[in-house]
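What follows is a pair of complexes built around subunit A, which joins subunit B in one and subunit C in the other.
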Partner chain A sequence: MTLAIELEGLSKSFKDKKAVDNLSLQVPAGSIYGFLGPNGAGKTTTIKLMLGLMRPDNGRGKILGLDIEKESESIRRRTGYVAEMPHMYGYMTVQEIIKFCRPFYPVWNSGLVEKYLDFFSLPLKGKIKNLSKGMNTQLALILAIAPEPELLVLDEPTAGLDTINRQELLRIILEEISVQGRTVFLSSHLLHDVERVADQVAIINQGKLIDVRSIDDLKSSVKKVRVVFQKEVPDDLFSLPGIQSYSREGKAYLITIEDNLQDVLNAIKNYPYFALDIIDQNLEDIFIDKVRRSKA
Partner chain B sequence: MNSTLLKKELREALWKLVLGTVILTALALFIPLSYNFIIDLFSLLPYEQLEKYLGTIPTDLFNDFSLYLWSQWNAKNLPQLGAIMAILVGMSLLAGEANNKTMSFLLTRPVSRRSVFLSKVLTGILMMFIMVWTATLLMIFTAGFTPNAVDTGKLLTCTFITSIGLFVILSLSILFSTIFGEPVKAGGATVLILVILAAASWFKPLRVINPFIHMYGAQYMIAGTFPLIPVLLMSLAAVGFLAVAMWVFQKKEY
Partner chain C sequence: MWYYVDPQSGVPIYVQLKEQIKKAVATGLLTEGEQMPSVRELALQLTINPNTVSKAYQELEREGIIQTARGLGSFVAKRQKGKEQEQKIALDKALEKLMIEAYQLSVDADTLHNEFIDKLAAWKDRLVKGAQNNDSGNRT
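Right after this comes the complex of A and B.
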């Protein structure tokens, strides 16, 4: 398997706070990879380390086979990046920023630029400082995909966008990037967006990687079981492998199970019960649960 | 050197360049044009009083037009106003971009930090060069229209010496601009250092560390000796500040 991103034990601290803590990640080439985490989890710092805007305290990484510390410029030549808040030169017009960025890259797809300038109805003569947040992100996306990058890194690109703009942006990611076999690294705390497009997700909290899986695997492996027993059950029932957490109200239990559902169900069924329901989890439920547990 | 970056820097610096050139030139043109007026003004004073007011300044200053031009330009207005210009230009070269948060946009393009730094420094040097030399050449050109004799070579050499001094101030300002990432702080730190150096030069043994003393070119204008060692030391200091600034910029995180 060819890897587009390979991070090994990456760490970065700011004063006493560990923003990224021994993070290891492998992103297969050609995948759409969701990088999930609450605000302040270390997503942006990880991206900045990948793109050479920051240097790791420890660890190493390769992007498209290139060392993140030694070959940063080559990485950026082959990587498109959209920041959460793209701060471009406000005094330039849309046309001027395109003209400014073009000479930096060996390849520039002018047809693609024209197509999406027209699609988003971005004013060529309009100053960047007068563009809305949505238009700024759209322009940043055009600038990121115009050099036909092998890897597109998006840091919270849909944050602050309205529903229509979010859907359009995600559609472009699918149509223009993913279909052509390029890799997309999508950092977000908006689970629905990631769920819609990503093949795999990594969940990060407080700088640490909590889980890495395909979305289907994650959703099928994590379930909640609601069971109302007829009488008291021994506590060691809840220490079975796979039980991540449980809460109790009287004889009713809500149990979060990961990876070992059948064995846990068999064990539960050994005790008489009034009701037993298996509740499917969406990505948001799983994410919240995992983040809460990582904090605990 | 990346021409795209250089064009961007020059565009961003254009209004400062135009404003700085206009102010310095206006001041430079005023000097030769006001010569006769100043002479007439002072001739109203008795010689004893003139000596009292001018102190150690040679009283034949007003009989030598070139010496007058130098005293008002290289020994007064150019170092003072030029230093302000150098600080204003240098303090925002890197810090301005960091402060506007456009630095991370720029540094995520496939461009080396070295190219970014050099294009900014070159822009700063070019701006100072254009401002200082446009004003100086126009002053000398205007002086040529007066009936007084002008020692163009000496004035140009003195302006070269002053330019080296301004290069030191510009470099110091760029260094702080890189360290602080905030233009006002960078400008403030540069002013503070210059004030400390100027204050230290009240003590005779420490005069040597004050760049203003050297950048007047008095030794050359009055005694005719080119201050080779001070010029070399100022050049070395400026290059040293820039080398440290580039090192800081290479390590800086955005």
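Right after this comes the complex of A and C.
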């Protein structure tokens, strides 16, 4: 398996605050990788380290096989990047910034640029400072995909976009990058978008990696079980491997289980119960649970 | 369009897709030999990851529901004679689910029996003929 991104023990502190803490990631080439975390979890810092826009205090990393410290210029030439708040020269017009960006890259797909300028109806002669937030993101996306990058990195690209624009943005990412077999690294706190398109997700909080898994795997292995027992049950029932947490209200229990569902169910069923439901968890449920537990 | 996925469901998207394709085949919406949309097409239409569509197709192929010809695409496969053991296990599971539902809804045995007969009558022509007239492949 070829890796598009390989990070090993990356750390970065600002004064005494650890923004990224011993972070390791492996992103397979050709995948859509969701990078999830609450605000301030260290997502943007990680991306800046990846692209050589910041230097790590510790650890190392390779992007498309290139060293993040020594070869960051080559990395940026081969990677498309849509920043959280794209800062583009506000005094330039749309047309001017396209002309300005073009010479930095070995490849530039003008057909693609025209197609999406037209699709989004961006005003060619309009000044960037006068564009709406949505148009800004759309323009940043066009500039990012024009060089036909092997890797597209997006930092909260859908924040501030309406539903239709968000869906369109995802479709373009799929059409222009994913179905071409190229890699997408999508950082977001908006889980619905990630849930729709990502193969794998990494969840981080307070700079640390909490979990890495395929979304399908997360959904099939993390469940909640709601059970109402007929009699009191011993507390050690809930110390079985796989049980992440539980809460109780009288004889009713809500149990969060990861990975060991069948064994836990068998153990529970040894005690007479009135009702037992297995509740599927979507990404949001799982995310909130994991982030909360990581704080505890 | 027939296919619809709910990304926010706790059921993986590829499983949702698989079930819908199976349903489309079982109800005759997709017919034997019919070409499936390409992975790319379906991924873009549903705005989902192409790998997710591939995964659904791969599993359907393993289950003998579709066939993939290199370079040509995927097609609805000829219905295979199910392996007896697998048939039995899958059927047993489905029936058990039905019984649980019936229990929860307090449906009595006679009602369940009649409902089953009605459903069976509606589906009869679409199901494989029994052992008695196995060689008359014609459907009436």
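Everything that follows uses one rule, which is that the second predicted complex is superposed on the first by the 296 of 296 C-alpha atoms of A that agree within 3 Å, B and C clash if a C-alpha of one lies under 4 Å from a C-alpha of the other, contacts with A are read in each partner's own complex, and residues count from 1 in each chain.
To be clear about the criterion, a contact is a pair of C-beta atoms (placed from the backbone, for glycine too) under 8 Å apart; a residue touches a chain by one contact, two chains touch by 3 or more.
As the structure is a computational prediction, the values presented were derived from the model and not from experiment.
Upon superposition of the two complexes on subunit A, no clash is found between subunit B and subunit C, which fit side by side.
When the shared chain is aligned, subunit B comes close enough to touch A:Y81, but subunit C does not.
When the shared chain is aligned, subunit C comes close enough to touch A:R171, but subunit B does not.
By the document's definition of touching, of the two partners only subunit C reaches A:H192; subunit B does not. Contact with neither subunit B nor subunit C is seen for A:F274 once the two complexes are overlaid on the shared chain. Rounded in steps of 10, the angle subunit B-subunit A-subunit C defined by Cα centres in the superposition reads 150°. Look at A:L53: by the touch rule set out above, it reaches subunit B but stays clear of subunit C. Of the two partner chains, subunit B is the only one that A:Y105 touches; subunit C does not reach it. Of the two partner chains placed by superposition, A:F119 touches none, neither subunit B nor subunit C.
Closest contact between subunit B and subunit C, by C-alpha atoms in the overlaid model: 27 Å. On subunit A, the positions that touch subunit B within their shared complex are 48, 51-55, 73-74, 76-77, 81, 83, 85-91, 100-101, 103-105.
Of all residues in subunit A, only 31-32, 167, 170-171, 174-175, 178-179, 192, 195-199, 215-216, 219-220, 279-285 touch subunit C in the complex they form. Across the complex, subunit A is touched by residues 7-15, 40, 43-44, 47-52, 55 of subunit C. Remark: subunit B residues 3-4, 8, 12, 100-102, 104-105, 107-112, 251, 253-254 touch subunit A in the complex.
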